[in-house]
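Take this structure, written in structure tokens, and hold onto it; I'll ask about it next.
Labels run A, B, C and D following the written order; every chain starts at residue 1.
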């Protein structure tokens, strides 16, 4: 677990996947950066690899994470994503094992070790609470527990009480420092609020934002909801 | 086969793989760009994904190719390399099926189709003359035929006469417009010259340059040798 | 191309995939064996790996092909399918690169070489006529050209005229000894007949047989149609 | 965790990988079966897929495990290993995630669930104590913790004290019912004894047996050593 980055909840991820790139990604990233400052919510943005340098340069408080990384050392490895190249490009972290890019258990473990070594925070995806507990043994910063059948779903409710609560209990039992990220099916501010009330410390959206009539307005709706739900459930 | 890029031989590839990134990649790319202009040799440079935008911006005549690409459309696909993102970042082309990043036959075919569609030239790797002929049926711009056991080898001779000549005959019989790229084990100017004399239209090096005492001097030695061997074997 | 097995058309494949195994696979294999003798049609049956020995032993004229194989030599390779193990178990051949089990170009080439070496015939799958021509360069015995979007489809028509005809011309231009196998969406005797009339030398079915009310009766309907369509289009 | 099979330690695995098949595998399996009865040690034998039915039929007490399995349901899945087909063939269990056949975290989890469902015991491989703890969260019957750099090594000592001890503590802390299997570099009876004294409940060998001058004599030496070391360290 990389300790060099402040990842205090509440956190939010904007995940462009392969929907946005170039100018479109930059526009959304700038809006996210502004909202991050305005509402004091740390926002992770996971662009296409080639967009990392520009987004890192053009934003102030946004956390730029790569969508994947290979656990190789400097050397051969044509076609791979070298950890050091991400750091040099300004990335703050990396997402691993998304259900659209599954990797082996050993790949996950070695990539977390490499991330710790070069200075990148890690988000590792898990399909079930059991997988989340398994991943917790490998000490990433954040675990995204989401049922793959809900990813990209429209109109489905967010992950249910049992899924979020059980994931949280199982992760924290292994390592209480790991942040629980729960998403899948987040399409509005109320979806965000519900997920936080269920116990999640981070949530996020891809198609819920990108397919909205006004993506930036929807992002703001979600960030406002996140801030409010967090403050309600975590009174000082 | 993308027709929008001038790829007239002789051509040379500098392949940083995962050896170079950031400032180190930029320095070598600038030198390659200068040599490309000075010796009128088109040079393909294949950096880490995140280095594509800066190198495209900071060079004039260098051809920037990604090391890999996924044949997906705009949409989901976390962890993938979207073709449109490469174009927007300034890439001129993409390498596919390197022996360090093997992909399925259908992946190769669809990636060439996507490259043609978005405007990227393609280099596809093949292990044997037979594989080169197979790839030729899919109409990439360039085929890199190299025996995997020689990749990264030190002190080994370049691909022998039969390998280069047979690859060339088999590729050209399928599609004479495809450029034959032959490499593996290129460690000096004389290695470059020999490969060209054997019939290759493009050659290149990774470790032969990067592990040289003076990489830029070695690159210049290779480019000089390429220009001379080409002019000798292709008198006007 | 392995020459030790008589693969004169017309040919038919029964593909149990992961639908049938054990006693169910044996029952269908016995019926196929009887029909093969009765109608003088060579039938390829592709069971789960563990069912190969029993089916090879309990049938007389059926051709037993594995669904996949790894191109490794005798040695390490936990979890792989060793070519020699298939021969020892009585297999006659192997299918490679099914769209449900895609493999790299080099894997295809090396698996065909290993098959030739140990004495196994090869069926290699291709998604398009171009891929079929690419595969033809690697000299398998049979190429299964089928559009993946039709595999397992119900009610869809068989591969259209252009697809079958173009695949055949492109394969035969590379190597006239390769058998054209065309399938996908075959659900009845008339589908079989149409595919043969379009020029295919082999066809087959999985779900069209297995999901039929009476699979063995459906298989017989298909074999009868194959025999008749073949004799009509190939008068002696 | 499948509870239908008695897996009380001490246990031993003979892993033919892709070294042995057919008659050679059967001969070694028969010897292992005899030694299992003679020394009251349960022996797991992991043959090539096609050899499972014959070995299951020709042995009495040997535990036959497949080398890999896909977590698919009955249905499509050409080239895959269907769980139900293994059970029908007489297999008692399955090995998963060997370093020569790495699979994704979700694949491991779903394969264990499918194994529990159809009635197969599971051995899951892990490269480090941390990975072993991760796997333990998914509740297989047995975890094989071995450093990949020692697999197939000759002359190397067995996994050191820290590796075995730490793996055991980390696995048992998650689930005390899981059996710790430690191997890699086992080449003699003394290697077996040392591994058991370090705390392993199961050990095994591939090349240590197969490359021995007399494989069956070497297997007996190892089983004798296992029995003695176990009895010494577990006095009744």
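Just so it is clear, contacts are C-beta pairs under 8 Å (C-beta built on N, C-alpha and C of every residue); 3 or more make two chains touch, one makes a residue touch a chain.
Just so it is clear, the model here is predicted, and its values are computed rather than measured.
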| note | Label-sorted list of chains bordering both subunit A and subunit B is none
| message | As a multiple of 5 degrees, what angle does the CA superposition of subunit A onto its copy subunit C give? | response | 180
| field | Geometric centre distance via CA averages, subunit D-subunit B, whole Å | value | 45
| Separation of mean Cα positions, subunit D and subunit C [Å, integer] | 35
| request: Give me the residues of subunit A that touch two or more other chains. | output: 99
| task | Indicate which of the five shapes (line, ring, star, complete, other) describes how the chains touch one another. | result | ring
| field | Each pair of chains that touches, named by its two labels | value | A-B, A-D, B-C, C-D
| Residues of subunit B defined as touching subunit C within the complex | 97, 99, 102-109, 126-128, 130-131, 133-139, 148, 170, 174
| task | Would you mind writing out the residues of subunit A in touch with subunit B in their complex? | result | 15, 17-19, 21-23, 46, 48-54, 67-68, 70, 72-82, 84-86, 88-89, 91, 95, 98-101, 151-152, 206-207
